[in-house]
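You will see subunit A twice below: alongside subunit B first, and alongside subunit C after that.
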Partner chain A sequence: MRNGYALSDRAVGLLFIAPFAVTALFFMVYPIVEAIRMAFYSYNPLRPDLTTFVGFSNFAYIFNDPLFWDSFWQATVWTFLSIVFQTVFGVGMALLLHQALPGIAIFRGLLLFPYIVPTVVIALIWRWIFNPEIGVVNHALLGAGVISQPIYWLSTPSMAMASTIMLNVWKYTPFVVICVLARLQSVPLELYDAAKVDGAGPIRRFLDVTLPQLKEVLIVVIVFRTIWTFNKFEEIYLLTKGGPGTSTFNLAVYSFEQSIANLRLGVGAATGVVMMVMLSLGSIIYLRVSGFGEDEKAP
Partner chain B sequence: MSKSEFWTLTRRLASYAVLCAVTFVVCFPLVWALSTSLKPKSEIFATPPTLIPRTVTLENYEALLTGRPQYFQSAGQQVSSGTTPAQFFTRWFVNSMIVTLGSTLISITVSTLAAYSLTRFRYWGRNVIPYFSLLGYMVPSIIFVFPLFLVMVQLDLTDSLLSLVLGYVCITLPFCMWLMWAFMRSIPIEIEEAALIDGASRVQVFTQVVLPTALPGIIAASIFSMIVSWNDYLFGRVFLNSLDNLTLTVGVMLFFEGTHVDWGLLMAASVLMTLPMAILFMALQRHLVAGFGAGAVKG
Partner chain C sequence: MTSRDSKPFPALPVDRRTFLTGATAAGAAASGAFPFGSRSAEAQSSKSGTVRVWGEPGPYGGVAVAAMNEWAQKNAPGLKFDIESIPWDGVYVKLMTDLAARRPPSLISVESPIAMQLMAEGLLLPLDDLVDKIGRNRLVDGVKWEYWGAWKGKQYVVPAHHQPHLLLVRMDVAKELGLGDPDTWDWKDLLNAARTISQKKPDMAGFCMALGRNLCTDYHFAALLHSAGGRMFDAANKFEVVFDSPQTVEALTFVKELQPYMPKGAVEYSFLQVVDAHVTGRTAMSFYWGRTLGRAAEEAKPVFEATEAFNHARHPTTKRRSNWNDFQGWCIPAQNNPYIDEVKQALVYQQTSKAWLIKYCHSLMPNVAPTYKDVADAPELKEHAFYKSKPRTVDTYFKTSLAHSSSTANELLQGVNPLAGIVHGRSVLAQTVQKVVIDNMKPQDAAKWGAKELSDIRRENARLLG
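What follows is the complex of A and B.
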């Protein structure tokens, strides 16, 4: 940055930032401030005239609500298992795709494709292939003799949880693949040559050369994905609506149901504030490990 | 054939076998959806199910595109008698297109101008804003969708496509901003200085020097923005309510409201919904590969 040049026409600079400033203030900062403020009010959208300041009672309500804690633990399980599978599959697929083979670009395209499929579409396809009576998955499993009774994928609590995890893993593993693949391509080849000279086999080379090189990107990816996965709404709501019962509720679904079904926007907002607090903790970890985020990749 | 050649060949074949297996598993849900969408009603429920339709028919697509009111006699309360969700499909498709393109255009324009300003001019906060923007991107939509909805109520914009355009700007702008900022920062400033010294105006410099150089960043941000807007369900669900104004994601979920679910029609809708993103993805693939760097050619 050169001084004379940079200071020359401040007006243009301010003019260019103005649309962003206005949009950010009205449609980003204000709603978030409002979301926090609403958490301290009793707010029914049908009776805005009855809005009253209630202090921390919305928070007291959710912390005393067993469903809130169920949602919290279910979200934790959902997030943990999703991240484990995404990371393992993601690294595996990245290693597979990181080979100089003719036609690898086609495989890469096909394996990254799920990332851009609308969640609504995945949820519809999931409901179709995991349909207990007519779905192809049960057909195949019954036919192969793996199971003797159809599995009720979306109507038993544990299987519904498994189905939403599968949906999530299927859709977001490509994100891990993209990040890991980008990193793999910048690992110096000399490291592998040196390891080969030292007589290291493929597994040793992976553990001693590849994995340490991937450590940084994996931490970033895992922190990012944990934050996002924990707060996902559509991936659960569109597939199971949080059901059967409330067995796949997470905090986002809980907040949505409080706001829409129970018309308690204040309680929904308080849940949102709890989510934001946890998200901030995650972000702090992220900023720590990434050195204030100098070089992240686009998703 | 020498021993090492033999091993190379074996390893390649093994790699292809694993790649094909993984690709099959990953792509199966999409292939199955496509297959179902091309089957006549009788074959959809055939036992055993067929992956390649015995009879290929376009009747499901025809029903969607012409709005043939054949199914859904008892669709849910939102759908009055005599109308079916299928009748609105093309309308919803156009709506989705409008909000996707509209919000992307705004997000890209605003973020490009802002990123240029932040990287080329000196004022207070210019190094902090991008990081706050990134934090804004981490905040899940569920937290500010209701406050934002209340903003739309105040602006008298509810149930309008414009409200959705603004909503999508809110979710996409933070990341576009971050991406454009990172990109602009990497563009050397010397060329602009030279052009300015040669007597070019600031606007000329921006349109003729900066924008062409920033094009890859603009494309990446646009693709991101379009995917997010096209795929969103939550905002559409909260902001819109009349059948005419719905977007695809919200509308197609109404197909479930009836007592009878027409899977062929649903899968055809899923395919058509994925198609624009698939086309975009093919364009994106080149940029992805280019972005991964010249290091892609590995021996």
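What follows is the complex of A and C.
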């Protein structure tokens, strides 16, 4: 029965989407617009009365700053290696957890632990784990005879980068596992049966059945993980503060340093804008090249 | 409650937490000692709320706030002073973000370089009216009010303490290896001692200082730079950058020479790690403030008993023994501060109570040194186990170090430098050191790099120089 307060389907849809739209406006669109605006100003937060429009000077500054380019390349290395290891380990662990074994649900639950614990807690724990003198990693390796001298995990540029990548892989591989596992559980078993009938072994079945079925979800996971990892600030800052030297700076840490330590908020904002453009372009190109969504477009 | 909390203070029959939180009752006696100013003239305040006070980590901030709460109980019953400890490495970021967000505390105890920056930015309240109430002639010999923070004829900061970093030496090791009296050493002797210890004592570094990209490295290196006669800026010449100098190269070269005898992890060390290295016996010598002795007394008695502090090894040519002395003081943010009158009165109350100021110094011996003669000369100050067991070391921290005081905020005591806070915010000195010890850059090139960074800071902040 209809009454005077009935809304059309379109109006109901708009009503339901309104909370998200309003929230996004305040917490996503406004900060982005404000960051873009600030990128064209010289702004010292202690002296807002001295704010001046500087055009593209902030962009010129960062493009001429060798540390910006160092940070960019380090961010690329950190992101690429993190994503490769997360994807490989994530798919491998998802395949293991896909087995119907007694108590497997417990392992699936435990797997989420690194993803659930706050990053600040994990980073501080890992600082102790990596401590060269009293850390458990060196203790175990020395005890097992794998090494004869302590490894200074966070004290040399290459080891510090490796350590931050290890932390990132450890924390976010569960995200890949969950996504891949969910997809694996919806792959029709008939496909595997048919492949077995055709004589395909485990490797062939993985390459020709499992992997194609995982393609779409892996594309999405890799895009998201790439964006999130490239933008990551807290893990690096808490673990190494970008050091030793500036060897683990990424663009997020660079932006923070420019904004807070150097009080150049305009330069920090310009860095954020450049990161946004880089990631947008990278994501579009990647999605095009990977053929994401083409199945739906096919007649 | 942690075990550290429940450990008794050496000189007091109460545990640390009881001492800090129950200080109000204990402070009743303090109100009797009030030789300066007039408490009867204080106006009652009807304001209510929490007065936020920022201080560096350590019990002394809590003691100061306990004194202020004692004032509040009598004069502003609706107010409660509350200390917020800010870690050293986070102090710059925390200060800048909260000030930028227009949410400053009502009272700040902060290291002098940042105080000087805030002062020159016009963010602090002039406190000349407090100086006479506190006692203009009370300062210990060898210091001036301006060391804590004066700019263009106005006093913006009143003393909390002075806090020099010295050379800590495990005398059991020095005697065993026949290294001589550290008080007579020059840089060459220090280097030889570090080398000898490293070679003859397995599992022990000869020497430790901070080499990470942090404030501690800035301070440790600045002292070496000043000993060599070098500076970052020339205060007498419009703060021209003078960092690209033979003295800077010499100091950087000395750090590079010392590095093989430091813990390998020193390139990421900051304050805490240097203390850890000494207290856990992983180094026989270190640069540090008095906190190391406090930690050692609580956690490693043999290390405490064997460690003595000395003024730094002399530079071979200049004979300077500069320490980085934090003339740390109290300052009051001028904007968005609803409790200015109350904070001023509470601060005078705390500053004029000899008993509270002695408690302040006793709370972490010998880290925070007295700044007023009546406190420094008080027999009660010596009623502490540290003073009795290590009188020479405590006197070095409290008194004789003053002759060698320097700071990035007042280089070689030649003039207040409002740019130092920005230098530390950007870790310019630490980065310069890291160019040498991590990137293997030549000291000459690193000095040039540092000088360029300092020139950028000077150019960008010319407004602060007046």
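Just so we're on the same page, the second predicted complex is superposed on the first by the 253 of 299 C-alpha atoms of A that agree within 3 Å, B and C clash if a C-alpha of one lies under 4 Å from a C-alpha of the other, contacts with A are read in each partner's own complex, and residues count from 1 in each chain.
Here is the rule we use: a residue touches a chain if its C-beta (ideal position, glycine included) is under 8 Å from a C-beta of that chain, and two chains touch if they have at least 3 such contacts.
All values reported here derive from a predicted model rather than from experimental measurement.
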Notebook entry, point to check: Which partner does A:L46 contact after superposing on A: first (subunit B), second (subunit C), both, neither?
Noted result: second
Margin query: I'd like to know which partner A:G266 touches here: subunit B for first, subunit C for second, both or neither.
Written below: neither
Checklist line | Greater subunit A contact set [subunit C / subunit B] | finding: B
Margin query: So in the superposed three-chain picture, is A:I227 touching just subunit B, just subunit C, both, or none of them (first/second/both/neither)?
Written below: first
Next item on the list: Using the superposition on chain A described above, determine whether A:G243 touches subunit B (first), subunit C (second), both, or neither.
Entry: second
Check: With the two structures laid over each other on chain A, which partner does A:W126 touch: subunit B (first), subunit C (second), both, or neither?
Finding: first
Next item on the list: Using the superposition on chain A described above, determine whether A:G90 touches subunit B (first), subunit C (second), both, or neither.
Entry: neither
Checklist line | Doubly contacted subunit A residues - partners subunit C and subunit B | finding: 260
Item checked: Touching residues on subunit C, where the partner in the complex is subunit A -> 92-93, 96-97, 99-100, 121, 123, 212-214, 263-265, 267-268, 280, 282, 422, 425-427, 431, 434-435, 438-439, 463
Notebook entry, point to check: Can you list the residues on subunit A that touch subunit C in the complex?
Noted result: 45-47, 50, 132-133, 150, 152, 154-157, 240-247, 257, 260-263
Check: Which residues of subunit A touch subunit B in their complex?
Finding: 1-2, 5-7, 9-10, 12-17, 19-21, 23-24, 26-28, 30-32, 34-35, 38, 93, 96-101, 105, 107-114, 116-122, 124-126, 128-129, 134, 136, 139, 143, 170, 178, 181-182, 185-186, 189, 227-228, 231-234, 238, 252, 255-256, 259-260, 265, 268-269, 272, 275-276, 279, 282-283, 292-293, 298-299
Check: Which of the residues in subunit B end up touching subunit A in this complex?
Finding: 12, 15-16, 18-19, 22-23, 26-27, 29-30, 32-33, 36, 45, 47-49, 106, 109-111, 113-114, 116-118, 120-123, 131, 133-136, 138-144, 146-148, 150-151, 166-167, 169-170, 173-174, 177, 179, 189, 193, 196, 202, 220, 224, 227, 230-231, 233-234, 238, 248-249, 252-253, 263, 266-267, 269-270, 273-274, 277-278, 280-282, 284-285, 288-289, 291-293, 295-299
